[in-house]
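Everything on this sheet refers to the single structure shown next.
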Amino acid sequence: MNDLIGDVVRLALEEDLGPGGDVTSEAIFGPHDLAKAFVVSRESLVVAGLDVAARVYAALDARVHFRPLCADGDQREAGQRLAEVAGPARGLWAGERTALNFLQRLSGIATLTRAFAKAIEGTGCRLLDTRKTSPGHRLLDKAAVRAGGGRNHRMGLFDGILIKDNHIAAAGSLAEAVTRARAGAHALLRIEVEVDSLAQLEEAMGLPVDIVLLDNMSIADLRLAVERRSVRKPGLLLEASGGVRLENVRAIAETGVDFISAGVLTHGARAVDIGLDAE
Amino acid sequence: MNDLIGDVVRLALEEDLGPGGDVTSEAIFGPHDLAKAFVVSRESLVVAGLDVAARVYAALDARVHFRPLCADGDQREAGQRLAEVAGPARGLWAGERTALNFLQRLSGIATLTRAFAKAIEGTGCRLLDTRKTSPGHRLLDKAAVRAGGGRNHRMGLFDGILIKDNHIAAAGSLAEAVTRARAGAHALLRIEVEVDSLAQLEEAMGLPVDIVLLDNMSIADLRLAVERRSVRKPGLLLEASGGVRLENVRAIAETGVDFISAGVLTHGARAVDIGLDAE
Amino acid sequence: MNDLIGDVVRLALEEDLGPGGDVTSEAIFGPHDLAKAFVVSRESLVVAGLDVAARVYAALDARVHFRPLCADGDQREAGQRLAEVAGPARGLWAGERTALNFLQRLSGIATLTRAFAKAIEGTGCRLLDTRKTSPGHRLLDKAAVRAGGGRNHRMGLFDGILIKDNHIAAAGSLAEAVTRARAGAHALLRIEVEVDSLAQLEEAMGLPVDIVLLDNMSIADLRLAVERRSVRKPGLLLEASGGVRLENVRAIAETGVDFISAGVLTHGARAVDIGLDAE
Amino acid sequence: MNDLIGDVVRLALEEDLGPGGDVTSEAIFGPHDLAKAFVVSRESLVVAGLDVAARVYAALDARVHFRPLCADGDQREAGQRLAEVAGPARGLWAGERTALNFLQRLSGIATLTRAFAKAIEGTGCRLLDTRKTSPGHRLLDKAAVRAGGGRNHRMGLFDGILIKDNHIAAAGSLAEAVTRARAGAHALLRIEVEVDSLAQLEEAMGLPVDIVLLDNMSIADLRLAVERRSVRKPGLLLEASGGVRLENVRAIAETGVDFISAGVLTHGARAVDIGLDAE
Amino acid sequence: MNDLIGDVVRLALEEDLGPGGDVTSEAIFGPHDLAKAFVVSRESLVVAGLDVAARVYAALDARVHFRPLCADGDQREAGQRLAEVAGPARGLWAGERTALNFLQRLSGIATLTRAFAKAIEGTGCRLLDTRKTSPGHRLLDKAAVRAGGGRNHRMGLFDGILIKDNHIAAAGSLAEAVTRARAGAHALLRIEVEVDSLAQLEEAMGLPVDIVLLDNMSIADLRLAVERRSVRKPGLLLEASGGVRLENVRAIAETGVDFISAGVLTHGARAVDIGLDAE
Amino acid sequence: MNDLIGDVVRLALEEDLGPGGDVTSEAIFGPHDLAKAFVVSRESLVVAGLDVAARVYAALDARVHFRPLCADGDQREAGQRLAEVAGPARGLWAGERTALNFLQRLSGIATLTRAFAKAIEGTGCRLLDTRKTSPGHRLLDKAAVRAGGGRNHRMGLFDGILIKDNHIAAAGSLAEAVTRARAGAHALLRIEVEVDSLAQLEEAMGLPVDIVLLDNMSIADLRLAVERRSVRKPGLLLEASGGVRLENVRAIAETGVDFISAGVLTHGARAVDIGLDAE
């Protein structure tokens, strides 16, 4: 099986340890020295990445035991313990930075997503991520979005059809692009089309399209789009995207679109502060 | 040879393309359709990551030619072209997101680093990165720091000795930790010790230590540290770290420390806005 | 990128050549001996696999040039040349068996698929493959089906939702299974449900389901299914599967179902006879 | 060690699961749901591939336990249980198709081989496979031949010398080809020569050749070949090949040849019907 | 294809370069600095390993051109140029040690083998290597033996049958061991048996054995072995092994054995002195 | 993590076992036959490589248990048992040669190193290895040097700066080379410079250099070098290299240099005699 998470874990350990390993810890700790430490939150955050932190230790030295003290998606405040790590001191400290690098970034994504998810609570609109994830971290970033309360858009280019302007230009028309997509892709894939005007939306509603992505439209236009959809093609799903921020996300949701997708959830999250404290 | 950058490029393509590839582009473009597009900056930024973007296309479809129109480290404004991409349309658009994900994040690091580097210009103090890089992107993130005008700290745990509190605790004393490190590591590695008080600095100055990392010290204490070093051990290098921000970095540099290391350069940078526009 | 075809080519060469290579050819041909040969059909067939045969030689010895003399999907009779192979004799003959093993099996699939496709010509029903492909050959087998005139069902478990009896049993009801699937999967995936009775079909038609797979139903029941669909849910797609043979495929198609999927296309095809003749 | 079977198992899972896994089962089963099922024969067959089916589950999710209820080589009738599979439902059903794809094809080879082996029972002639195996499945296909009662010819090009017409042409004569092979290969390898006429056999008998492959000869000629061998070179082994079918295999065996090799055992076997039934 | 030589080249570069590369050369040479150097013999030697040295540079930096000025197997004296290396200075010097480590060790094997080969010249006896090669260098070490004028024994455990005392003990008797080996292995493999007494040789001559390895026998016994063979089984091949040194190898060869195998050729060779001199 | 030792173990097994495995043992031992054997020293030696021998068996067949009866670094005489190996006979004997090839070579290095280390005992000078290790065996060879009582120089080109003549030539002067190295490399790496005359040493002492390697100097010059260092730059470390032999190593050490590095420890060691005796 294609273990993409295992691959990025190995890569992260490889770049930090090289052929020679942690020369400081090798020199200072004996091979049988044991240690115990706690992963501690240093600010308010939503946890994500506990599994991959555990895999860092499993790959580095399986005798180091990483025991989560909470679950992905949990809210934690500064000073709370997130996990216990115990085992040979050399391995425990050699893996510290790599495990924390994952936890800090993924919890950062979950924390930001939670804020967006709360902002639209009650509207019925669903918050989606995008493909603007850190290269090599797609599965992890998307799991962190789920931990924060968002939902996932397609995983990649292989499991969803999304027709954009360059496809339309190549096909000559939106109608032709949709025809080609329907003919070329297998029957279990829906077709989504990206439009940037109400006129394009009207055109899309005349075609066998399942979802329309409304790109960078004003709140007013989004409202009109929802209205026209109700009249002409009630089963059609609408997704708003472009310029989504904490300040405007609720207003967008209240237009009645089915989905809001926001690249900022993954490419705009900052790493939150998490440390590893020796007992 | 251990090609870590090639590995993360392959991983990024793999997670986006899966076994099935870009189903939309496969359906819409013919196998012989050609396309040409430009990587365009959508805001003011410092460029980084051109090489890895080129490698994305080399790995995905070697017939797609990625030609840089500037160099890593160049400042560019919104609307300027950074590179030209030309070749088979399927490959060109299939690689768009992956190439941009790299460019946006790495240019984000370079842009932030440039701001820090300018802030301390003329002080003689050098700006360093840390190991708080995105897992699997160590070499790329560190190259982006260099593009922005910073310098690199050690690459990983394997090519530098840095004694921290947990090492000192295990050894029983700083002196013993230094002794073990000197005995265990090969002669071409220097020894750096992390301290968080002037008292610890004094202790370190009595030992065969090459660099002292002053962790989370006040500006006043950093000044005192520099003074005492001048008196007692002029050859000793001093590095300040902890809580470094754009607002305080110049004040820290003006204390006379040799280096400032800042995790925020890599873990706090946001992705800058870069697009791929069809000609 | 995840090069599954490259992987199976390397595996095939590895098992045939081992660490020692083709000991006979190494002993008999000199390193600079050249040879030229033709891939020749020994029976009437539809060609498939030319690309992978070319990749066998590219992986084995890039100086051996494999030049197709026809295209995948072409019908050829006994004695016709399908490709020319030329280059160092050692590599040319070392790759013979591996290249032919691919060509014979894939052309076998294309040939059988062509027979099925012709049998249903004019009915408007589309012929689909299944996941019953040779392990490790999924992409190749599915390309051979296309070469023969069939179309592909989903690539694998990752790019399409197909709810079967064990899913329904676990969920407690078909309705609950569909609810979970719609909630858990991303919005760009359609939902297909497998049913084996008209009663189940009725139930499925009351749910947000896009396709129904009618498993092992009689021709009479398939006709009834098509009728009821027309009345109750005209947009619903119907797929017939189970026991599909050349003898009954047209009758099935004439019931009015949208798709017929047949595992036999890939797991029941025999290798056709193709040889490599020295010039 | 070079784990070719592990490689093809990983490849098979990779192509079916992609980066995203079994989206249907992930959505419907909970992470702790358990399931139990039985691998059941749906027709009369000779079992092969139990080990590789177990490895599919070991690679996919080691918590799914695959317990064989019979052994490779056993004859089983429709409705009999071949193995029990139990563990987490997600993994169990995600691996179903891949495990069955292996079992159906390998049991198909074993079943066909058993029929050939029975047909020549009592003649003293041994049934051999060829290198016409499914690419990437060489070790598995050859083990299935043994399970069916056949024996293996050389594993690949690396562990046996077989001189064919193109080698003879390159060397200028059979004698020269044999000389080169004997000089170039190490002493522990025998030399086999392929001939297609009695005249060539006579020539081969004058050379230091251990085995002669009689290609596509008539029954009458095979008998003559056996006779002449008895007279002139009793220690020489004779192998018949080409056009071997169930209908003529006994007649070939009764000519007195030592071996019959039949590509049809591996490239002509159809997949037998085997299912996975939930308890 | 299974590229074992490529694997060991990559491994050798990986252990020398780590993730960080040649930090000295990176710091001192510019990216566009060019250099030219010559591989120079510093003592009298037989050359081997030119191909793998070229592959070191191809893997490290394909712009560095390694041009052999002689061929494997050539005798060269101190001060003679063996190859020219030219290209970017960083890559040229980064690969120096790895390329030389291969050349020095492999030329050492070729040089020692040449001495043994000359010692037995004219006796008709052939000099063989063993499996006592440097782990991971089997193909290279065996090619160096050929360059020195020796011949190869089997490549590994997979392409030749050699029955030793532990096999005989397990089978209960030499006869039974031979029976099992003949039944279990395919027909293209010969059978060799290791014996350490003339009595065992007699027993072996009564069995279907192709070669006998006479282990650690005295010159006198070897002579007797050859005599008895001539009388009783003229086609049997005899191989002497054990304690073979330059001082006794001719005496052993003159006993009339067909082969002498000597582990010392590969495990006892010292690295010869070869340098890389800048132009 | 980058498991270089695992990689060379897999490579060594792969080259010996190929796709087909140990055909002799497979034919003669049953799958359930058990065996027990002892690794026995056949001459006086210092043990090294027990861990990698254990890994050979772990990789080949984890049911074969390798239990060390001594530790790396122990002195053992002819006939003493070094380890016990027990488990399935097929795996035990299939791994014999690979495990012994590692043990014989690594114990050879440890044994030779011990002789050198004893020769300089009491002088305060430390014995170092070089990068002249067997390609792919760097970590193992260096561990064997430590087992013998030596210490390691840098691991590779990535974790230490060593300026040689070609660097000086490219930079234009030693001073410029040191400046570039200091500017380009990170602060935790020391700088070593190779010189071959006292004049060059004087120049180096005027620069920010940490260690000087005195290449191929006479005993007299080495003594002068030590004297001048004491006078002018007492903190500078001196390393002697070139032409180090057991006969002259003590004289070199007595000059007062801090380190002696000797390539002969790894490239000049012969394999010691170790066998595997069935119980």
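Letters are used for the chains, namely A, B, C, D, E and F, taken in the order the chains are written, and counting of residues starts over at 1 for each.
Heads up, the rule we're going with is that contacts are C-beta pairs under 8 Å (C-beta built on N, C-alpha and C of every residue); 3 or more make two chains touch, one makes a residue touch a chain.
Since this is a predicted model, take the numbers as computed values, not measurements.
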Interface with more contacting C-beta pairs, comparing B-C to C-F: B-C
Type of chain A:chain D copy interface by residue overlap (half), same or different: different
Repeated interface matching D-F, over half of the contact pairs identical, chosen among C-D, E-F or A-F: A-F
Between chain E and chain A, distance of the C-alpha-averaged centres to the nearest whole Å: 54
Centre-to-centre distance between chain E and chain C (centres being mean Cα positions), rounded to whole Å: 46
Between chain A and chain C, centroid-to-centroid distance (C-alpha), Å: 34
Interface hub residues of chain D, defined as touching at least two other chains: 2, 4, 14-15, 17-20, 23, 138-139, 155-156, 158-162, 189
Chain-level touch network, classified as line, ring, star, complete or other: complete
Contact footprint of chain E on chain F as seen in their complex: 2, 4, 7-9, 11-12, 14-29, 33, 35, 37, 89, 93-94, 97-98, 101-102, 104-105, 131-139, 155-163, 165-167, 169-171, 177, 180-181, 183-185, 189, 267-268, 270-271, 278
Chain D to chain F touching residues, read off their complex: 1-2, 4, 138-139, 155-156, 158-159
Residues of chain D that touch chain B when the two form their complex: 14-15, 18-20
Chain B - residues contacting chain C, complex: 10, 13-14, 17-20, 23, 59-60
In the complex, chain B residues that touch chain F: 2, 128, 151-155, 158-162, 186-190, 192, 210-211, 237, 239, 259
